[in-house]
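Order of writing sets the chain letters: A, B and C. Residues in each chain are counted from 1.
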Amino acid sequence: MGTRGYILKKVFQAFLTLLAVIVFNFFLFRILPADPVDILTRGAGAKLDDAEKAELRASYGLDKPLFPGQFMDFMGDTLRGDLGQSIIQRPGEDVTAIFGEFMWPTFLLVGVSTVLSTVIGIFMGIYAGWRRNGKFDLFSMGFSLVLYSMPEFWLGMLLILLFSTTLGWFPSSGRATVGGVYTGTAAVADIVNHLFLPALTLTLAYLGEYYLVMRSSLLDVLGEDYITTARAKGVREKWVLRRHAVRNALLPTITLIALSFGFVLGGAITVEVVFGYKGLGGLTYVALQNRDFPLLQGIFLISSATVIAMNLVADLIYGYFDPRVREA
Amino acid sequence: MQSPPITPGGDPNLTGDRMPESLPELRSPRRIRRARRRRAHTTIWKEYRKSKMGMAGLLILVFFVAVAIFAVFSSKDGLDPTKVFGPRLAPPSLKYPLGTDNFGVSVLTQVIQGSKISLLVGLVASVMTITIGALIGIVAGYRGGAYDTLLMRFTDFGLVVPWLALAIILASIIGPSLVTIILVIGLTSWPSTARLVRSQVLSVRERPYVERARALGGGNWHMIGHHVLPNVMPVILANAVLVVAIAILSETALSFLGLGDPFSFSWGGVIESAFNGHATTLGAWWWIAPPGICIVLVVLSFTMIGFALDEIINPRLRER
Amino acid sequence: MSVLSLKDVHITYHTASGGVPAVRGVNLEVAKGEVLGLAGESGCGKSTIAAAILRLLPGTTKVEGSITLDGEDVLAMKPGRLRAVRWTGASIVFQGAMHALNPVQRVGDQIGEAITVHNQAGEREARVRVGALLEQVGLPTRRAMDFPHELSGGQKQRVMIAMALACNPSLVIADEPTTALDVMVQAQVLRLMKELQRDLGLSMVFITHDLSVLVETSDRLAIMYAGKVVEEGSAATVFHDPKHPYTAALAAAFPEIGDRRFRGNPTGLGGDPPDPQEIPSGCPFHPRCSVAFADCERTVPELYPAGEGRRAACLLVEGAKTVATGVSE
């Protein structure tokens, strides 16, 4: 099939999965026994009378039959990028517009911590696997196991306790100083200052897992016959590691990193809540408390789409490194 | 090429029956099976005892289970702020070894009472996860064909959906409660178990003695009950332990976000109230640290047990 | 002078359950241009010896005795010298090429790596040499761009052979090179190896459990059992006139069409090779031996002279009695 076929296949599959998610999103609210309008307006406080409900129902197209009426409406809207309006939080405002405001801080946070945790975790894992049962291995193993067992938001709280409340080195919340009017480098520095603790939290939270996977994957590979072949040929240990062992050990690691991305997003939500960080996570929390369903639905869609995209990226990277999958 | 010698006695899956040298009396198949199972269990336990990590994990777990049982039988009055008049937000003292929260309730009591919720929810949710996952995995692996493809697409979909987002939506529709959390975890965590079980079933299906059993006329139920299940169980067991660990962490996160029962505090709930009570900015470390430490210890213990079990089931890890 | 010389070699693996003596006092010699066949069942130690020659055993393994390659003591070599000698002094054709090749690297690069690592050529010249090597083993040169999974079992084995020849080694160790192949492919690969050995005048150690293969390819044979050599001599005489009951049983297990001895007398060897941690007392073969007698349980046989250039570790030989080959007259 070749490389191009592989890429096309993966992109197509990703698109199909996205469609499935959208359909799933649709049914999520409508299969329930309760009246959708009741659910949609549950958080609104005052009870609506029948007339208002009927009006609301009509505006949401809920008076149309489920299939094809509502379904087509929903699909059409979603594919056009119309995710509805927020009911509670900012009534009437487009969900997509709200996202625009909250997306980049989350991307920044998740991006920075993912890069850091994968890079550090992988390097640590390689080093530990190579020097199995050395002091570094045992220490980092314990360290990673403990990190892996920690709820990330709790870690965040501890870090706030230490670095913010006690030592005063970093702010305890927010993504930028409230009411601050910094420009240029000062603005960037301010953002970094606020980003530091949340990013540290997320990095530490997932570093352990990547370390463990890389280490065990490397140990598996080191037991393979072709490693012995390489050594028998007289290749230096350093190159045996780099050219033969790591290249093969990275493969399952990439897969696992992709698979855990859903958890990373989950972690981002709780961490943003802890740090009062105004990103999508914090938005989700507030939307949850307000039962602002259009917003929640949109968030579900966006996060699913992100995970699908990340999986696609991982698939492509994997395909680059492992020639075997390109054939099938 | 050189290979280290295999363990004495060889791979039990390959050598099959090894009847004892002396056969004093005729043994029925059932007695043989039972004896074999007993022998297998004692061997597993003997191997397990050798693992320091496994024993440590087991010890910690037993400790917390004991705490949870103690919590069931001790009074919950200590949790009620109307019945207790402790000092608010007090650091640890002799009377309140873990200090008090912003209502004056002892943190120690909360942690002890929280243990039973956290462990229970973790356990029940795991049972649900594993049952669903194993069922799907076995059907997909054993039936193959269209069933397999369909179920695996479904599983892949389940893997892609970000669990917390889904959990939040589900919980906000159903309403916050312990049952919600159990349901949500059960419904979102099964895919990886399903995948694992399926691949194990596939490998069992290919084994020669399975083919022979079919040739001898073994029907589907017999095959699944006598051949597939016993060989898949060890893998499920090792996976189950890790599933519980993740379930506990998930429950903690969901409780933290306010989706749990507001009246019965799990450890996650204690952390939630600590957060909402501004424990971080007020420096009330005694309120924040203990529930988290308990979670870490319990999850660690499950993880260690899981690792130890995994090493026994995948012996190749031992020789290196 | 011999290319390879093993004197009183003892190799003990280190495992969780204690030390496992895989090789218990082995002496072997390979002269220049000679093919030594090393035969025995799984677990007798032959593959261990192969790995030991280039010090490829796990670090915790204890290797005692002397292993001399081209006059140099392998066990005393410093790491740098060892790396230089690996592949140029001796190379190995591994069993199961499916797993002995790096799955994510093109086969041409893997062969070329052997050349460039020893600074025998630059990148471009190495590629030319790789092409020549591939042709030598009967593969088209464009195969160099393939990945291992794109090749058949026989093709992969040819790649392994080409790789083994890349640095013109003094000695080639073939460790079960054809075991994992179909019979037809096996015959092809064996023929190839025989030709190469003849054309290039290679010294070889040919390891296998299939005795009939060795008769075709080897000059001399050494039969191993439970970590020791139990018989050695020229290939033809050892196979057709075995002095040790084990050799006889091994030979009988691979019947030759046309040889009257096998007609109507299918024989195999019952039982399993002994667990290295629980080797029987006296002669390690006695529990499975059809002609064992009382002494066999008590006395450990040495390699007694058993004819012209032959030795066998059997008490029956010591007593110069004729050996019943286990086949009825």
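Before moving on, here are some points about what is shown:
Note that contacts are C-beta pairs under 8 Å (C-beta built on N, C-alpha and C of every residue); 3 or more make two chains touch, one makes a residue touch a chain.
Quick caveat, the model's predicted, so the values are computed rather than measured.
Distances from each chain's CA mean to the overall CA mean are smallest for chain B.
Summarising the inter-chain contacts, the pair of chains with the most C-beta pairs in contact is A-B.
Distance between chain centres (mean CA atoms), chain A to chain B: 24 Å. Mean C-alpha positions place chain B and chain C at a centre distance of 49 Å. Centre-to-centre separation between chain A and chain C, using Cα means, comes to 54 Å.
Residues of chain C in contact with at least two other chains: 51, 56, 92, 94, 96, 100. Contacts with at least two other chains are made by residues 1 of chain B. The residues of chain A that reach two or more other chains are 225, 228, listed in rising order.
Taken in their complex, chain A has these residues touching chain B: 17, 20-21, 24, 28-29, 32, 34, 39, 132, 145-146, 148-151, 153-154, 157-158, 160-161, 164-166, 172, 219, 222-223, 225, 228, 259, 262-263, 265-266, 269-270, 273-274, 284-285, 288-289, 291, 293, 296-297, 299-300, 303-304, 306-308, 311. Remark: chain C residues 51, 54, 56, 83-88, 91-92, 94, 96, 99-105, 113-114, 117-118, 147, 149-150, 163 touch chain A in the complex. Within the complex formed with chain A, the chain B residues making contact are 1, 156-157, 159-166, 168-169, 172-173, 192, 245, 249, 252-253, 256-259, 268, 271, 274-275, 279-283, 285, 288-289, 291-292, 295-297, 299-300, 303-304, 316-317, 320. Residues 224-226, 228-236, 239, 243-244, 247-248, 251, 321-324, 327 of chain A touch chain C in their complex.
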